[in-house]
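Same chain, two partners: subunit A is paired with subunit B first, then with subunit C.
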Partner chain A sequence: MTTKKILTLSTALVGFAGMATAQMEATESPVAGMEMADEMTIVSWGGAYQESQLKAYVEPYLEMNPDVSVTWDESSAEAVAGLRAQTEANNLTWDLVDVTAADAMRLCDEGLAMEVDIDEVAAPAPDGTSATDDFTEDMLVSDCFIPQIAYSYTFGYRNDVAEWNGNTPSSICDVFDLEAFPGQRALERRPHNNMEWALLCDGVAMEDVYDTLETEEGQDRALAVLDRIKDQTVWWTAGADTPQLLADGEVVFGSTYNGRLFSAIVEQDQPIEMMWDTQSFDLDGWIIPAGLDEPTLNRVLDFLWFATDTQRLADQAAYISYGPARQSSAPLVGTHAELGVEMAPHMPTNPENAQGAFVQNYEWWADYRDELDAKFQAWLAQ
Partner chain B sequence: MTDTRQTEGTVPLGPDQFTGPTPDNALRDADRDAKASMVAADGTPLKASLARSLRRQKLRALMLVAPLLIFVLVTFIAPIADMLFRSVQNEIVVDTLPRTVAALQDWDYESGEVPGPAVFDAMTRDMMVAVERKEHTRLGSRLNYELTGISSLLRQTGRDVEDIGEVQLDAMVGLDPAWEEPATWAGMLTTPDYREAAAEWAIRADEGGRLFDEPPPRMELAEAAQALPLTADAYTDFARTIGTESQDSALEEEPWPLVYMSLVQDLRQFPAAADAFEGDDGARLAALVEALPTIPEVDTRAAFLEIDEEWADPQVWGTIKAFSPPYTPGYFLSAADLTLTPDGVEAMPEDERIYRTLFLRTIFMSLAITFSCILLGYPVAWLLANLPARQANVLMILVLLPFWTSLLVRTSAWKVLLQQQGVINDILVWLGLVGDANRLVMINNVTGTIIAMTHILLPFMILPLYSVMKTIPPSYVRAAKSLGATDFTAFRRVYFPQSVPGIGAGSILVFILAIGYYITPEIVGGTKGVFISNRIAYHISTSLNWGLAAALGSILLVAVLILYWAYDRIIGIDNVKLGG
Partner chain C sequence: MADLTAAEIADRSGPGFAIGITALAGALFGYIAGNTLGAGLIGTLVGAVLGAGFAWVAAGPLSGSRAGGRWAAIALCALLGLVFGGIGGAVGGAVIGAVLGWIAYWMVRTDYRKGLPPYATAGQVLWHNAFLFICGFIFFFLIAPIAVVIPLSFNAESFFTFTPEMLALDPEGYSLRHYRDFFTNADWQQAMWNSLKIAPVATLLAVGFGTLAAIGLSQSHIPFRQVIMAILISPMIVPLIISAAGMYFFYSRIGLQGTYWGIVLAHAALGIPFVIITVTATLVGFDRSLTRASANLGADPVTTFFKVQMPLILPGVISGGLFAFITSFDEVVVVLFVGSAGQKTLPWQMFIGLREQISPTILAVATILVTISILLLTTLELLRRRSERLRGMSPG
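Our next item is the complex of A and B:
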């Protein structure tokens, strides 16, 4: 179902790409005119992603509201732990937090994030479509989650490997094929995605992956596939590791966020190519911490109304190759702000790229994370 | 420099051997002479006077250290103690499921049977309240550490549990639409005083608008409500929860289906309870008693099994029961690769055991790092202590320079040096020592961690060694040689024994720093060169299993204390010197 949705989104993206010219004006937020705080702490991921947020909507917002000042905290990777600690200490210092969908679900479950009515916090599309319909159900995975972008875990490979005899990998299963594609790999040091990819290459159908992974035999099957490349693999923990390892020639094949590979390939012109096959989709968006005082909350809501509207999400795509979460933003996606390259072909949601994409099951992982992680770490340590 | 040595060989004077007055001795002297009743100049007994002045002195000393003491207590010791305390804390189960925990007392896991209807009734009530308070998912994550699948079971049940009482709600409202009115319930179950206070509060809330944040008045049960125990209990939970969660008063909110369900249950059990109420309430209740046969029965057990068949698994109930006490050894057991099941303590499945290996590896690698620090640091420290001042200073700067460089920079530099396409491998290939296809693997494994951490911790070994060696008079070695000792014997029997305190100090420093290290192994350790602290960090910031992180941390702390104690017993902590 999610794949279908992504396809509709991407069709729109291609159909109208480049047609957008005029910047659409933002509408007034529902909290306009109320008492608002002048300071706001935004938590994000740092790096190129935070830069895209700064350029696309934080700087424009500050221009419109010169009295407001924004403090950045680059702690999104520890968002759940941080918010839990702050709430327990009764000392909330974050006002708006950028998190992955899985973390948003956890925060919502624990009551650490505020439940929101998406139609009250996000503007309708310019054509009047409500925010709920514009984001669609597939993006609204949690009651606390205000989606921004769709990103994916993809593989990059070096295009100058002599041993490959001119062949280039085109399928996810090439990752596990050391004979055809010898060389070191880089995979993330956690079971997510790796276990699913392994099972898919062991003949399991996409819709059966999680049912299989629930069983002991299924887990062993996945690990057996990973065993094939285990001693040829570098296990990464930070998204920047893989592009670096690829650029150094330490590995010839590696997974990471598609935006990181985009900057290595397009911005830094490294001898790396992208392999979109069976990319694994994930979402990123905002949550509002539970327990903000009224003026701060009003400021956050005012900012969110602006920052998540159709034009602003489309603007963000000019700085980073992540797909905007709104359907209505897709036709407005244009070219890269500095390089001028057309962004659409680099989006994970582009129909050509989205073919055969895999969608993670967050709820399943919420249940099985501990068990699989223990198993995976024990397997790694063997 | 040499005068400190002169007392060597003589028995050191303890406080009792000193002939001059010390504060302690003076007090003792005064005590001894108390019978002779010595008095101070102002006529008070000398002992009391002395004690007073000593107390004043101690108090003054305490006040001087107080800022630091309070600072350390508040910002360091208290948070750590609080964090470590989480390793046994487990109130969440009994707080979220109080009725179920009580009902489960009468159920025996050994019987292998699913608990009776009383437990399911209690669970329904607990879950309905927990869902309204959004506590059930948190409980699910807690219990999921012990039995995989409970998290989704509780989440799924949380979504559907509301529907269980729905049929009775509909039947009651069909019978008399007044049951839908919040005022009917409030009028029947609460005191007039409360209703008045709540009505006034509602008016103030209307006037206050968005900025109004006065909590609604606390609900008080009417006397007559005692006749309906389950209803009273459910209604109390309802009023309290909406008061704290959504800042509403019971006067304005329709009660949860749980309250309807409870009323039907109460009236089935005590049909006479309707007589305890007067007027409309009594009449409405009497009508309801009359109509009871038409109201569908609710089988909570069947309803739960319909939501999820997992509820028929005694293992689920056994886990809830096993983890119902407010304190649990569960986290410590997990930290030792054991698990607490309803059947007792069991070993983890073989493919999920990680912690024992990790602890042993942490200790082994820390020892290896300490040892290589001694090996590399000793000659450097000797040079530092024996070279002429000019050269020694240059050498000292070389030792300290990396010390002043960021830890991350140094670690990343090692990455560049050690990786397979790195500087060292490139040089080795260029020299023809290794083939291009067989480049050495020196990073992302144990070797990488030991190399990088030895480099990073080396100054902590060199500096104490240097300061001890500096105090060893060169004349001793010269004397030994003039008496016929070879270089080696002079070193082994004269120089080395005197430098042992420096090795001791350096080793303790390096070992204790190494055992808790985290950043360097994370970056260069790969999968086999990581420490237990990396798992602690993982549980703190990623898996959020703080209890397990606390248990692992406590074990690490105790292990370090035991090693320190053993060191003191074997070598003696007095032999540790950080300087002359």
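Our next item is the complex of A and C:
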């Protein structure tokens, strides 16, 4: 999870400037012809992201299968707790769940998600490359995880702050510099990313961040950096918070998912700019809950085969600025579906943006999450 | 009459006191208005001068013409606002002018002594007005958040923000797009229908069971009355999240989780305590000899209930039902557990909207719900007054 990996990730997904070719037809899924349920409950994140899934592959899928109906449940934020409760109550109501890579790992470890062979559930690329090679190992972080997108946590800032004397932040360390860039910040109410960013600005090299964070001193060091801006920080919990706070002028500088900032800047035309430096990559994708009955599972597999193929993942990028998880999708990414702007420069995986990016270590967080969460919350309450 | 009052003031304290207080209020408003324009100190001074001026005019040249003086204050402040703050400033100025003008005459004519006997001491007068001020402040505290939501819902942008266009009252800054979104978006429409399908049925069940339980529990010969009452009221006392989690596991086991009737029953259980409490309260004033008289005249218990008891306890039943309806209509915690994704109610949809996508559509929905609540309560109150008038009681 170091420089090498970042390079492979960013080079794996380059080539957005490539021309969009004609729409490719979907291939028939391996479960075609088997008995399938007509109803499916899909769990996702709501908002613009769910909208992109709806437009790119759920609506087209329903057009091809008119007797199928889909119910959305915007509960991805509670995916782990929800699946635990449903399994405990022996009452599974979710059929397909959209989760982050870290949650997929936890669900897989607990046996709540079904282990899948990626070559059996996802179509090969149009040129015949197997799904495993197309997604690459960087994306396939768990045996239960079927990747969809790479997104990033990055910073947006207001471009009309008078106190900054015309300077604009360009480095992650400007977040912690109240002298050069005074004003309220917005950071996520979780240790993820915040601790890493803090250490990077305290002179720790990217490859040493997690080794440092494992030690008590390292954690205190990160919190000491965060202490500098603590009383100037608003802590957010929902991805929509930061764009709202920035638009309001309540904060001048804040982190959130890059797609939310894209929406505020390009679609809503707010006086906000993006700062890509040290953006932190994360993955999002599907898991299938363990214990589905046969017809439902077949329906889910049939849908997944379609929804994760090369063309569909590329289509999704026309609605939201998240990078498709397949290498073969990258050249097919074109322009925004409504505004017609070129999407490539807004992708976190665009080589220019990905320069100096940071890749979150999901495995590490899976191990240390509980401990650091407790420590971080205690620090917040001080 | 007006002259007489003015003369009285001159006798008592002279206009100095009134001028001072009005100037103070003017300074406060001027400070606020000045700050929005970026000059708090100048605003304070101008406000104080204006306030003092109004009080002096009210005591002297225009002491006989209250309406004229107040209109003059409104016009002057609106003009000042227009010069410095555009159309938005003019509206703000007019409001300030109206309030200052009112205060000036209120002070000059010693209306603050109204409602108090003439021998009240200065301390009593002060406390009386402080009390009124505190009451007004509490009302403001309760209403302000709702009052902020309503203009924001007409925002032309996708954020919870008063844009500069909105503050300048530019029509460009306002739009009905969030209302359009509510009425055209399938998710919101589905949520509204789900709420409308669940709440009335849950209310009917709650009213039926709650009324019967209250009548039963009001009989003196029922054993363990207090215990039964406590159990029936418990959904109101136990934290909702605990009821919700318990219902989730219980309903899952018996196959009710995620079904329409599951939510209806859960909401009925939450509504029953409200009905029991309101109906029990009206039963306290119910004369038992009426049912005996009815039985004596040959009516069976069911006829007695519907013809004699029910009409008398109806106000309690209706207000209990109203509470049960609002409980179901507003409820988000239990439905998140007990419902499935296909049964999203309005509060659930609002909760999702607030968490995942802060969209002013939520504010549009909130405005619609507030309007419905106001209409509903007004109708009920009018009906109540009408029935009391018909029965020859005075509306109390």
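Here is the rule we go by: the second predicted complex is superposed on the first by the 364 of 382 C-alpha atoms of A that agree within 3 Å, B and C clash if a C-alpha of one lies under 4 Å from a C-alpha of the other, contacts with A are read in each partner's own complex, and residues count from 1 in each chain.
To be clear about the criterion, a residue touches a chain if its C-beta (ideal position, glycine included) is under 8 Å from a C-beta of that chain, and two chains touch if they have at least 3 such contacts.
All figures in this text were calculated on a predicted structure; none of them were measured in a lab.
Chemist: Going by the contact rule set out at the top, does A:74 touch subunit B (first), subunit C (second), both, or neither?
Modeler: A:74 contacts subunit C only, not subunit B.
Chemist: Please work out whether A:268 is in contact with subunit B alone, subunit C alone, both, or neither, and reply first, second, both or neither.
Modeler: The second partner, subunit C, only.
Chemist: Just to be sure I read the superposition right, which of the two partners does A:370 touch: subunit B = first, subunit C = second, or both, or neither?
Modeler: After superposition on chain A, A:370 lies in contact with subunit B alone.
Chemist: Just checking: does A:338 make contact with subunit B only, subunit C only, both, or neither of them? Give me first, second, both or neither.
Modeler: A:338 contacts neither subunit B nor subunit C.
Chemist: So, A:25: does it touch subunit B (first), subunit C (second), both, or neither?
Modeler: In the superposition, A:25 touches no partner, neither subunit B nor subunit C.
Chemist: Who does A:127 touch here: subunit B (first), subunit C (second), both, or neither?
Modeler: Neither subunit B nor subunit C is touched by A:127.
Chemist: Thinking of the overlay built on chain A, is A:84 touched by subunit B (first), by subunit C (second), by both, or by neither?
Modeler: first
Chemist: Looking at the overlay, does A:248 come into contact with subunit B only (first), subunit C only (second), both, or neither?
Modeler: A:248: touches subunit B and subunit C.
Chemist: Classify the contacts of A:46 with the two partner chains as first (subunit B alone), second (subunit C alone), both, or neither.
Modeler: After superposing on A, A:46 lies in contact with subunit C but is clear of subunit B.
Chemist: Which subunit A residues come up in both lists, the one for subunit B and the one for subunit C?
Modeler: 77, 248
Chemist: Taking the complex as given, what residues does subunit A use to touch subunit B?
Modeler: Touch residues, subunit A against subunit B: 34, 77-78, 80-81, 84, 106, 109-111, 184, 189, 234-235, 237, 248-250, 294, 363-364, 366-371, 373-375, 377-381.
Chemist: Would you mind writing out the residues of subunit B in touch with subunit A in their complex?
Modeler: Going through subunit B, the ones touching subunit A are 134-135, 137-138, 140-141, 144-145, 148-149, 151-152, 155, 210-211, 348, 351-354, 357-358, 419-421, 444, 522, 526-528, 535, 540-545.
Chemist: Please output the residues of subunit C touching subunit A within their complex, sorted ascending.
Modeler: Those in contact with subunit A are residues 157-161, 187, 248-249, 252-253, 257-258, 340-342, 352-358.
Chemist: State the interface residues of subunit A toward subunit C in the complex, per the touch definition above.
Modeler: 41, 43, 45-48, 50, 71-75, 77, 85, 88-91, 93, 238-241, 243-244, 247-248, 268, 270
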